[in-house]
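All chains are identified by letter, namely A, B, C and D, in their written order; residue positions are counted from 1 within each chain.
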Amino acid sequence: MSVKLVVIGGGSSYTPEIIEGIIRRYKSLPITEIALVDVEEGKDKVITIAKLAERMIEKSGEPIQVNWTLDRKKALRNADFVSTQIRVGGLDAREKDERIPLRHGFIGQETNGAGGIMKAFRTIPVLLELAEDVQEICPNAWIINFTNPAGIITEALLKHSAHKRVIGVCNIPFNMRHSTAEILNANPNQVKIEFVGMNHFVFGQRVFVDGIDRTNEVLTNLANEKLDYSPANIVSLGWSKGFINSMKLLPNPYHQYYYQTTDILTKDKEALKEHGTRAKVVKNLEKSLFTIYSNKDLNVKPKQLEERGGAFYSDVACSLIDSIYNNKGDIQTVNACNNGAIADLPNDSVIEVNCFITKNGPKPIAIGSLPPQIKGDILQMKAFEELVILASISGDYNLAYQAFIANPLIKDERKIKSLLDELLCAHKEYLPQFNKGGTGDE
Amino acid sequence: MSVKLVVIGGGSSYTPEIIEGIIRRYKSLPITEIALVDVEEGKDKVITIAKLAERMIEKSGEPIQVNWTLDRKKALRNADFVSTQIRVGGLDAREKDERIPLRHGFIGQETNGAGGIMKAFRTIPVLLELAEDVQEICPNAWIINFTNPAGIITEALLKHSAHKRVIGVCNIPFNMRHSTAEILNANPNQVKIEFVGMNHFVFGQRVFVDGIDRTNEVLTNLANEKLDYSPANIVSLGWSKGFINSMKLLPNPYHQYYYQTTDILTKDKEALKEHGTRAKVVKNLEKSLFTIYSNKDLNVKPKQLEERGGAFYSDVACSLIDSIYNNKGDIQTVNACNNGAIADLPNDSVIEVNCFITKNGPKPIAIGSLPPQIKGDILQMKAFEELVILASISGDYNLAYQAFIANPLIKDERKIKSLLDELLCAHKEYLPQFNKGGTGDE
Amino acid sequence: MSVKLVVIGGGSSYTPEIIEGIIRRYKSLPITEIALVDVEEGKDKVITIAKLAERMIEKSGEPIQVNWTLDRKKALRNADFVSTQIRVGGLDAREKDERIPLRHGFIGQETNGAGGIMKAFRTIPVLLELAEDVQEICPNAWIINFTNPAGIITEALLKHSAHKRVIGVCNIPFNMRHSTAEILNANPNQVKIEFVGMNHFVFGQRVFVDGIDRTNEVLTNLANEKLDYSPANIVSLGWSKGFINSMKLLPNPYHQYYYQTTDILTKDKEALKEHGTRAKVVKNLEKSLFTIYSNKDLNVKPKQLEERGGAFYSDVACSLIDSIYNNKGDIQTVNACNNGAIADLPNDSVIEVNCFITKNGPKPIAIGSLPPQIKGDILQMKAFEELVILASISGDYNLAYQAFIANPLIKDERKIKSLLDELLCAHKEYLPQFNKGGTGDE
Amino acid sequence: MSVKLVVIGGGSSYTPEIIEGIIRRYKSLPITEIALVDVEEGKDKVITIAKLAERMIEKSGEPIQVNWTLDRKKALRNADFVSTQIRVGGLDAREKDERIPLRHGFIGQETNGAGGIMKAFRTIPVLLELAEDVQEICPNAWIINFTNPAGIITEALLKHSAHKRVIGVCNIPFNMRHSTAEILNANPNQVKIEFVGMNHFVFGQRVFVDGIDRTNEVLTNLANEKLDYSPANIVSLGWSKGFINSMKLLPNPYHQYYYQTTDILTKDKEALKEHGTRAKVVKNLEKSLFTIYSNKDLNVKPKQLEERGGAFYSDVACSLIDSIYNNKGDIQTVNACNNGAIADLPNDSVIEVNCFITKNGPKPIAIGSLPPQIKGDILQMKAFEELVILASISGDYNLAYQAFIANPLIKDERKIKSLLDELLCAHKEYLPQFNKGGTGDE
C-alpha cells in the first residue's frame, strides 16, 4: 500500500510541520510520495523546504520520497491527497489587506472583514482551476484545503467545481478542544465539543468529557479569563463575564472582531503604529525561519515555527488524511457540506462541524436549529459568504460592493466605495476577473 | 350599518388626524361611535382631545358619537376596530431611550437599537393584556396596531395572544409611495412598490406605475438626492451614489441607522448637545399642540400636527379599516403574518408586506426568496426581533442581553452589560417582568 | 392600442370559444390580430376554424384580423400573447393513454396516472421549443398554457426555458367558483374560494361571499350531493358524507381518481366495453363539430361545443389576458410559480393558486402551511410531478420508471415495467428523447 | 458500577432473548438489576419469564438480580434504562387489526395500514403515561422503545412528553446489514448501509464494506432474488428486476405492502382462509413457547424463539444500551429526532437513521435531501404519521378519518368510514380517548 500527497504551496514555511506529521504517522498512514508544488516566485523557498524535508525523512528512516516541482499537472498524477496552502499575492498582498481597511477606519485582518474578502477574491479563481485539474487528473483524490478564508473557499469549490472531494480545515476547533482539555485536566481524546457555525465564526455549544457534560465549568473558566485558546496571530482581550454568562456559548478567538470591534480597532491602530502590520511581522518571522531551514544540519521541525498562528494545522490535516485512508469512523471538526446538519442553512452551505470521517469523506452530525442567541449573526455571515463567492467568480463590481456592505465589520455605505475601489486597485494584478468590467461609476 | 372604533391611547396628540380621517370617509365607512381610552395620567389630554373631536364632528355634520373613558374593558364592548397608539412611560421614558444609549456610545433612537428594545420591553406585556381583553370582549374586532416598534409588537401579539386579528401599520411605506409618485409625476394610486422586509427595515424592490417598471428612474433620483421620503422625525443624510447604484433597492429612512451608523452617531451626539433629545423636542411640540387643541374655536385638525413624524398614520389606518369593512380587495402595505410570503422567514414571522385586504384581513402577496444583497441583514434583524419578544415576555435577563448583542447597532460585548443594566434600572417602574429575577450577576 | 394573439394549435375545436371571448371583450381588450398556428396534419382543421372565425368577427363588426399559418416563427413576430392548446399525437395518442393502462389494471385517463405522464412526455419537449422561440422572437409576450397536464407543463417551461412569462390555466377552479355561486345564490364575482394545491389536484379550503365565510354551507351541499361541479369529461360518483364531514375541504372533480380509485376503475372498465375510450367519444364529437363549423352560414360559436370538458376555458384565458393587458389587479386562480405561497413546497414549484394579476403577471397570495389532512398527498404529487419533468426532458428510462412508481395510481412494482414498456413503444413516434437510450434491461 | 434495567411488558415471550443478551455482555455492560414489569393480565407469564431468567442467570454465574412486579412506579426507581415491549389489548387486538381491514378489502397488518394505525391509537396514550412516570421518577433514564409502530410511537413520546431520552429500535436495519454482509462475504461490522426514511419505511441508499462502495453488487443480488432479508413474520414475494434496476435502492421487507399491494392482498386473503391471521399463528407459537419456558430444566434461550419476527431485537437493544453506557461513539441505526438530518422533514420528526451513539444519546448523521425517487412517498408517510399522532392523543374522530385517508394503503373515501367505525368499535375498550366524542355523524 502506498499513498501520494501533493502539497500545493509546498514552499510555505508551514510545510515542515506537515512533513513531521507524515513521518510520525508513517506506520498507520503510509505516505510514500510527497510532491511539493509551487509557482515560479516561490522556487527558492520550495527548494529549501524540499531539502529540509529530505533531511527530516532521512533521519526518520521511513521510505518516503519527496520531490518539488513547478509543474502542478504533472505532480497531480496518481495523487491520493492534495493539500492547499497558498497565498495569492504573497505577504505583500496580505500587508495591503491589513493596512488599507485600517486607514479607512475598519478592521484590517487577513481572514475577516475587507481583508478576508479580498483574499477570497484573489484565491477562489486560482483554487477553482486546481479543483478542475484534480477532477481531470486524479478524480479520486481528496483536496484538503488549508487556504484561508478556508470555509468560504471550500464552499466556492464545492459549489462551483465538478470535484466534490474537498474538505476545509482550520486549527481553531483543535485548539479549543486541546485548551479545554487542559483546563479540565483531561486528555484531548476524551473531550468532545459540540460546535456550531462556520470557519472563524464557530461557537462551542457544549463540552463533554467521556460523555459527561462539563460545559458550565468551561464557561466559568472563560468568564474568569482562566481559559484562552487564541492562536499566536490573535492577541486576545479576554471575554467579559456578562457575555459568557448570558450567551452560554464558547466563542472562538476570531469572534473578537465582531463582538469587540471598537476596542480591537483601537488596539490594531496602535499596533500598526508600533510594529506595522501583522504581515510585516510575519515577513520577518518567515525570513528568519527560512534562514533556520537552510541550515544543512537541521533535520527536525524547528521550535520557532510554533510562533506562527497556524500551529497544529498539520496535526489537523494528518489526522484527517489518516481517518479517510484507514476508514476510521472517528469524529473530527472540519469544513464540509451542511446537508441539513444546521437546519436553518442551505444544504449546500459549508459549515465547520463535527463529522464522522470514513473513506467516503466527512459526514456531518446533525445539529438541528441554530441557538437563538447567535442565529441572526450566523445567518448574516453565511449570506455574506454567499455574496463573496458570487463576486469572486463573476468579477461583478456590484456584487463586490454588496459583499462589503453585507459584512458586519464594514457596514457603512458612506465609506465602502472608496475602500473597495482602493482595494480593487491595489490588488489589480491578482484580480483579473474584476478588470473586465466597470467600477460601478457609469 | 354602524361601526365602532376604540382608540387605545386616545389622548395622543395624533388623535385629531384619525378623527379627521374618519369624518372624511364617513360616507363609505360609517363609523358611528368612537371611544377614546386612556390611563389616569392621560386623563386631561384625552378630555381635551375628546372635546376637539366633538367640535370637529359637529362641524362635519356626520352622526358620529365620541366618548372618552379610563375603563378599557367597558369601551371594548361591541367594538369593531381597536386602534392602539400608546406610549408606556410617556415621553420621559422615550427621553431615556434616546439619551442613555448615546452616552454609552450607541445610537439612541425610539424604535431602533437599545431604545427600540426597551420600548418593546415596556409595551409588549401591556398590549398582550389588551389583546386578551379584545379576545374576550369583542373577539371579531381587528386590532390596528400603531404602537412602535410596530412590527415587533404585532409579531408578539400574533404569537402570544389568542387573538389573531391584529395588523400593524406604519406610515413609511405610504410616504415612500407618495414621494415616489410625486417624483414620477404620477398619482399615488397608480404607483405600486414591491416591498420586502420588516417594519422600519423594509426595502423597495421595484416600482411600477400603472404596471410599468420605473425602478431605474427612482434609483437615479435617489442616487442624485432628488428624492427624499424621510418623515419629520428623521433628518436624512442622503444616500451615496455607490450604495444606490450597487444595491439597486430603495432603502427606507430608518436604514440610515444601520448603514450610516458612525455619521448618524456623530450627528446625534451634536444634536443632543444643541437641542436635547428628540423626546424633549416632541414634549415641547406636544405642549404647544395641546394648547392649540384646547382652543374652543378650533374645529379642524391643525396644520402644526404635521411636524411630527407620524403624519399620514391616520390615512394608513383609515384606508385599512375601510378596505376591511368594505371587503375592498385592494393592496396595502401592512405588518402581517408572513405565511411563506418571504420564503426564507418562518411562517409566523411578521413582515411589512403588500397585502390583499378583505373582510378577512390582510393576505400577503408572495415574494419568494430574499434579495441576496439584503438577505443576511434581514435574517439577522428577524432573529433579533424574536429574541426581543422572548425577553419581553419572560423577563429573562440573559434573553435581554442576547437581544442586545443580536442587534447590529449594539454588538459590543464589552459595553452591553452596563448599558443594559442602566436601562433596566431607569425603566424599572415599567418593567415588572424583569424585576422578579436576577441581573445575570450570580 | 392594438394587441396580437397567437393561438398555437389554432385548429383545435375549442378555438371558436376563444374567438367568441375575444369579440365579446373587444372594447376593453383590443385584440386586433389573431394568428392561428397549426402543424401540417392539422391544416384542414385550422383552415375551417379560420374561416368560421372570420365569419364570427365579420358579424361582430369589430376590427379584428384573423390569419392561419403553419409557420410558427413567422406568426410569433410582435405577439403579445401566445396561447397553447396542442395535442401531440392527436386523439389517437389519447386513445392509447386511456386504453393501455386500463388493460394493465390501472386508471386510464388523459391527465392523471400513466396517461397523464405519457402526455407530459410527448408535450413538454414540443412546448419547450415553443418557449425558446417566444423568448427569441417576442420576449415580452405571455404564454397562456391551456395544454394538459397544464400544471406540470407550466412548471417544466418555467424551470427549463429562459422565457419566464408563462401562466397555466384550467377551467376547474372557475367551474368550482361558478357552481358554488349558484348553490349559494350569489354572483360568481362575489365568491372567492381559497384554493390550495396543484392543477387537477387542487382543493378549496374556504368559500367567501362578499368576505363572509360560507364554507360550511358549501360542505353541507357537497355532502348531500346537491353540489356537483364536474366538467363534461368526468362522470362524478359524488362524495360520501364521511369524507366531506371529516376532511372539511372541497375536493375537485379529478380527485375521484385518487380517493375512489377502485370504483372509478370498475366504472371505466365498463364504460370502455360499452362506448370505447373517451378519446373515441371525443373523436366523434370533434367530427360532428367540424361538420357544423364548416357550415358557411354559421357565424357564432355553436352550442354543441359545450359538451366537451373544456367549457369556459376561453373565459378563463380571456379574463387573464384582459387583467394583464389592463393591469387590473384582480384575483384569478392560475398556475404560477409558488414563490413561497405554499410554505411546504419549493419556491420554483408551480401551484394552482389565487393570484393578484397585473401587467407584470400573476403574484400568488400567500397560503402558508398545507392543511395537515392533505399535506402528504400534495407533497407526494409534487414530488411525482418533478420526476415527470426530469424524465420528459432527459428521456431517461429509469426516471420514467421512477415517475410511474411515484404516482399513487400506479404504485405497483410488479406491473409497472410492462405497462411502461408498452406505452413507450406505442408512443415511440412522439418520444424521440426516449429512443436514444436503453430500456433499463441491461 | 451497576446498571438497572426495567422491562415494561416483561412477560413478553421475547424477554429471554434480552436476558441472554444482557448475560453475554455483562463484562462490558454490568446490568446488575432487571425489573420485569407487567399488568395484571400478564401476571402468570411474567412469573414464568422471571423464573426462566433466574435459571439463565444462575447458569451464567453473573451477579444479576431479576425481579418481577405489577407496580411500575416502584420498578422505575433508580432505573438507568427502560425498555418497552407492550401490546395493548394483547394478541386478540392484533387479531382484529389483521382480520377486519382484510374483510373490507385492505391490507391487514400489525404495523402498516389500518392495523398499524389502530395499534398506535391504543398504545400511544399508555406509553405517554409511562414517559411521564419516567420523567418524574428516573429522569436520567433512557427509554428504549421496542413497541410498534416503533417510529410513530417514538415521535409521539418525543413530541408530547417532557421526557426527551427516548429511542426507538427495530431489527429491520440490523437484518438488512447482516444479510447483506453474508451475501458479500463480509463481517457485519465491516458493513455500513446508508439508510434513509422512517421505521418500516426505510430504504438503503448505499452499501459500504470497509468504506468501499459495493451497492451495485447488492442491487444485482436483490434483482436476482439471491438476497432476502425478510423477518419470519413477512413472507417475501421478491422484488422485480425492473424495480431494483430503476430505483437503485434497497427496499425493506415492509415495502411490499406499498409497492406490491394487490398481490400481497391476494396472498393475505388466501393465507387467512388457510391459517387464520398471523395473530392466531403467533398465539399458538406463544403458547408452545411458554410451555417450553415453564420447563424447570431449561436455563437457556430456546431455539424456537427465533421463529418469531422479532429475532435480533435484543441484539439491537443491548448494543444500543452498551454504547450509551460506555460512551462508545459507534454508529447504530435507530429511531431518533431528525434535527435536520433529512433536510426535507421537520426537525422534530422521528426518522430511522444512522446515529453516532454516546452517553448523550443518538446524534443522526446528516443525509441532506431525500432521493427524488422516494421523496414523495416518504413525505406522504411522514404527514400520515403526524395525523396518527394527533388523532391518538386527541381522540378526535375527524383526525382519525384523516389519518386513514392519508395512508396510501386505505385511500378510498367510499370505504373508510365503515372500516374506521368498525375498528373503533372493536377496540373500544382500549380507546378511552375516542369514547368521549362523536363518530362524525352529526
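Keep in mind that, in the parts below, a contact is a pair of C-beta atoms (placed from the backbone, for glycine too) under 8 Å apart; a residue touches a chain by one contact, two chains touch by 3 or more.
Heads up on the chains, UniProt names are A, B, C, D = 6-phospho-beta-glucosidase.
If you're wondering where the values come from, they're calculated on a predicted model, not measured in any experiment.
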_Centre-to-centre distance between subunit D (6-phospho-beta-glucosidase) and subunit A (6-phospho-beta-glucosidase) (centres being mean Cα positions), rounded to whole Å_ = 45
*Please report how many Å separate the Cα centroid of subunit A (6-phospho-beta-glucosidase) from that of subunit C (6-phospho-beta-glucosidase), as a whole number.*
54
_At least two partner chains per residue is the criterion; list those residues in subunit D (6-phospho-beta-glucosidase)._
none
*Specify the contact topology among the chains shown, as one of line, ring, star, complete or other.*
ring
*Give the pairs of chains that touch; include all such pairs.*
A-B, A-D, B-C, C-D
*Name, in rising order, each residue of subunit A (6-phospho-beta-glucosidase) that touches subunit D (6-phospho-beta-glucosidase) in their complex.*
192, 208, 210-213, 327, 329-331, 337-343, 347, 356, 358-360, 363-369
*Residue ranges of subunit A (6-phospho-beta-glucosidase) touching subunit B (6-phospho-beta-glucosidase) (in the complex, touch as defined)*: 105, 237, 239-240, 242-243, 245-248, 258-263, 372-377, 379-384, 386-387, 390, 397-398, 401-402, 405-406, 408, 411-414, 416-417, 440
